[in-house]
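Step one of this worksheet: look at the structure below.
Chains: A, B, C and D, in written order; residue numbering restarts at 1 for each.
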Amino acid sequence: MKYEFNAEREFDIIAIGRACIDLNATEYNRPMEETMTFTKYVGGSPANIAIGSSKLGLKAGFIGKIPDDQHGRFIESYMRGVGIDTSNMVVDQEGRKAGLTFTEIKSPEECSILMYRDEVADLYLNSSEVHEEYIKKAKILLVSGTALAKSPSREAILKAVGLAKKNDVKVIFELDYRPYTWKSVEDTAVYYALVAEQSDVVIGTREEYDMLENKTNGQNKETVDYLFKHSPDLLVIKHGVDGSYAYTKLGEIFKGQAYKTKVLKTFGAGDSYASAFLYALLKGKEIENALKFGSASASIVVSKHSSSDAMPTVEEIEELIAVKA
Amino acid sequence: MKYEFNAEREFDIIAIGRACIDLNATEYNRPMEETMTFTKYVGGSPANIAIGSSKLGLKAGFIGKIPDDQHGRFIESYMRGVGIDTSNMVVDQEGRKAGLTFTEIKSPEECSILMYRDEVADLYLNSSEVHEEYIKKAKILLVSGTALAKSPSREAILKAVGLAKKNDVKVIFELDYRPYTWKSVEDTAVYYALVAEQSDVVIGTREEYDMLENKTNGQNKETVDYLFKHSPDLLVIKHGVDGSYAYTKLGEIFKGQAYKTKVLKTFGAGDSYASAFLYALLKGKEIENALKFGSASASIVVSKHSSSDAMPTVEEIEELIAVKA
Amino acid sequence: MKYEFNAEREFDIIAIGRACIDLNATEYNRPMEETMTFTKYVGGSPANIAIGSSKLGLKAGFIGKIPDDQHGRFIESYMRGVGIDTSNMVVDQEGRKAGLTFTEIKSPEECSILMYRDEVADLYLNSSEVHEEYIKKAKILLVSGTALAKSPSREAILKAVGLAKKNDVKVIFELDYRPYTWKSVEDTAVYYALVAEQSDVVIGTREEYDMLENKTNGQNKETVDYLFKHSPDLLVIKHGVDGSYAYTKLGEIFKGQAYKTKVLKTFGAGDSYASAFLYALLKGKEIENALKFGSASASIVVSKHSSSDAMPTVEEIEELIAVKA
Amino acid sequence: MKYEFNAEREFDIIAIGRACIDLNATEYNRPMEETMTFTKYVGGSPANIAIGSSKLGLKAGFIGKIPDDQHGRFIESYMRGVGIDTSNMVVDQEGRKAGLTFTEIKSPEECSILMYRDEVADLYLNSSEVHEEYIKKAKILLVSGTALAKSPSREAILKAVGLAKKNDVKVIFELDYRPYTWKSVEDTAVYYALVAEQSDVVIGTREEYDMLENKTNGQNKETVDYLFKHSPDLLVIKHGVDGSYAYTKLGEIFKGQAYKTKVLKTFGAGDSYASAFLYALLKGKEIENALKFGSASASIVVSKHSSSDAMPTVEEIEELIAVKA
């Protein structure tokens, strides 16, 4: 099955949500307590997906709120530098800061992170800063779950989803669950379900779908039965090293394999997966091919130091797929 | 047209949201500054509707949070006393208080009110306190808009609506807009639209629909066109002394007249209207007849001192309709 | 011993802190749950003391913040009506409400109360609203402990005390401890001690001094030894029906008796005590005589329905003292 | 004049307040937006002073709250490593984070900083975590003004100062004013004055004393006249490159010169000044000599990359003084 998009749109993808700062350990093979130097990158799931998309040659835009400080200026300047339209990035006027993620690189299996997410600027994007005339220029609105964790960002997202539906923009919901900020598992499920039921495509790990359904050890079949009663017609459920599954409303099931690679750290895999998967869909590739694009992109990023700067080109992805074939 | 409900349910109506205290001026014809004595009643739109329904002989239940104090005990005891099932009313454990509404009775046209709504117990009902096994016992879930104004009550309502939809319980959305507590007009519209689109019946004034649509001077035709694209199949739009209109998805329009009466104060009209209108629908009456029930009930309550204690019986309503015919 | 004041001052007493609304049960001998009518009075310890002082013929002023609503206007109008200078009462501009105290009158021994103190206007008086030119017009600055419970009222009080000290205004600290609002017993003790150490006269119950000293079962002797190392030179410690003690830095001890009366309710006793005691001091009476004034005033107020409106005249107090002599 | 301390104490100095993380630009001569790598150090004025003191051979202790994360463990481990007693450092149990200060090193004159101070662990030290038995073991309690900016840290400091006074521990107040966190200039002045009036020694810049006195262009003479009416008997007022002045209650005035050096960045100067000045006082040196120690230490730290790790030894300080003599 191929997935259809509205061809007459200026932007391939507009992502909405957080754009933050990653501070990745410069020294390898040690816990963060002993890491003395950190390297700065742009981070945050929807920002990474926009960056990844732009590096793949898609026309990307971003809606979000950034601080009025040195970190905020770096974020906007970096994103603009890779070709993203930043005209709808709002500069916070109330002294809020960029979210931070410190990472250690202890071993390929162990990479603890330390997040600063209290009162960060991105969670203060509000509904009056989301504009219909911008959203309706896109083929895809990419929404990440973390932006639902708190008001007023939550209402900004709900409004954006409503506007996308009204204007025939495909809503892609990358579940991107992070425990920070959310107040309860019950409330998380309420908003995840509300947005998933209105989306066209949902992408997440098995654990993230369990969060959405407020259950443990959920089964893909139940998830698929439930969500296909609502708007979605394509669901991607990722099972880590066991690969990922794509389900269509027509009843098709596709399995994607993870590509083995020399892993430096694990973070960044999901965002690179999403950007390459969406790239392939937008380019009219078959879903099984899109799964390969996602896996290849993820395997490239986990072998490198950052989650954003390391996003691959189409050539790199295709080369890896060819080598592994 | 008659409206169909699931006959096999224990409760005719379960209302969810606030149950508060009204403190109505005992002395008439003076501003509140000069009012020295106040009489206590149960108040709050969904509580009033539950009380009104119970007085009309319906089996009613209530989901809400009340304080662990003298006012909370009065509320629960009064509601239980009129026959409401209070088993799902939760007692707050964190020292929160009952909402208060002081009223003056200056003249039939002028009755200013003074509300205490900061950190009130009813806005702290949370999603874990809303139970599927209870909601699925009802023919109707009655939701009032004010409960959406703030978390965690907001999430409790969103969950309740989701459970009602899942279990074939009709969702009746009484818009009940109050400016207190809401943070912005934009956000108000986001949540009102979200719930209205999922409801079966929506009841409100023209001004409340404008709030939902985030516009001014909205037209009934546009409202009807918009909402009938979603779940609702019956909309009631009230135009004050000019009467009210009921629209069905089948394209019918019914007009209801306001009954002239000796008005003591204006508050309480909407809740008495809703309870009698729903009573009539549940009893299988035609919609035009249900509009008469609503108007008659409203006209009785505005001639009396309270909004809850004054709720009429079926006989009083039918007598007024007969007299005015 | 007589107590000396600066004679050349326009105001006998300026009180600072809360002015609120009391809603006293109109019906006697029943719990609040069954009380259906409430009568409105001005309340709040420093407001009551200002009212009591004014009724005794003293020139009183008041510094505080009141809401911009019907209750706020009633408070200002009532206080102005009894002769208090209200020029330094600030009207809140952020929608905050008046504190409320509902009372029941169940029996002379049992009168539970229900307070609304969340985000009340009086706790939002801020330091920029306290003016040196006003405070320096007074013989006495009357401070009540409850105003220390939260910022910014806390800083307003600390500033006022500093200005009083700088301008030779006697600081009278009525401990007036209420558990609401305070976050911890430790913090309560920090601020009570800070202000008590800087005051000239401290008035409170034995239990309130224990709170100040962060101990249980404190002894008057220890309290006196501790506080006389700092600024105070007169301490009044009240032991309920066992009467009260006044201690001077010179080593004198005076005992005051409680006057037996027909008690209607217990609240209001402390404020009437303080206003009459201070009246007597200001009029140059001996301390033992001032203790009688305090006791007589308290015994009159507990036999009546309100705490403010019931404040006695000098004649009533002197008559009672004469009768009981 | 020499300054006397209680000789019979286990600790020379116990500092109380914040211990945070500095992230100093690794690359020089560029704005922070273009700085890609940051090096981690312990930071925060009282932590730096404790570290500086310990490196000078003093027995130092620290009271503060650190996060239960990688940064918190680094802070505690680093401070313990330089010889500080960390037994009264409390680990936060509510997910709060370490304060962060990102610095750029653009030029010796321009070094902008970017602070993360929202809801940081150090501001949540509370009064129940300050223990009399610990404080009374010290010759000096070193208090920094920033810890007064917010409750509950504010109350912890007020309690600590009260305990120090009660137990004959010298209170040294390093004004350390930072605009973050404080709500108003008026409130800042209230608390600065409250603590300064109770301290033995106050150290700050001319601008910081202006903040304390809530004035602009304050004169040293007025400051000295005001504070010597209260507890302080030694005041140090710093005038940047124009040097610093020490005033004693006996009327002495001493002037200290700044030592010229190759400046890398300006931050860290105040903390190194304070630790060396206090070291000299504790070692019984004359005040004019102590001023030299302060200046020499400051001039060493501003020529190096960090504010904590760069703290000099006694030998380095004495060598610089000798060279410059």
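In this text, contacts are C-beta pairs under 8 Å (C-beta built on N, C-alpha and C of every residue); 3 or more make two chains touch, one makes a residue touch a chain.
Per UniProt, the chains are A, B, C, D = 5-dehydro-2-deoxygluconokinase.
None of the values given here were measured: they were computed from a predicted structure.
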Listed chain pair A-B, C-D or A-D that repeats interface B-C [over half of contact pairs the same by residue number]: A-D
Approximate Å spacing (C-alpha centroids) for the pair chain A, chain D: 44
Chain A and chain B: spacing of chain centres that average the CA atoms, whole Å: 41
Shared-contact residues (touching 2 or more other chains) in chain C: none
Chain contact graph, described as a line, ring, star, complete graph or other shape: ring
Partner chain D, residues of chain A touching it in the complex: 23, 26, 31-40, 69-71, 73-74, 77, 97, 100, 102, 104, 112, 114, 116, 118-119
Chain C-touching residues of chain D, taken from the complex the two chains share: 126-128, 151-152, 155, 158-159, 162, 183-184, 186-187, 190-191, 193-194
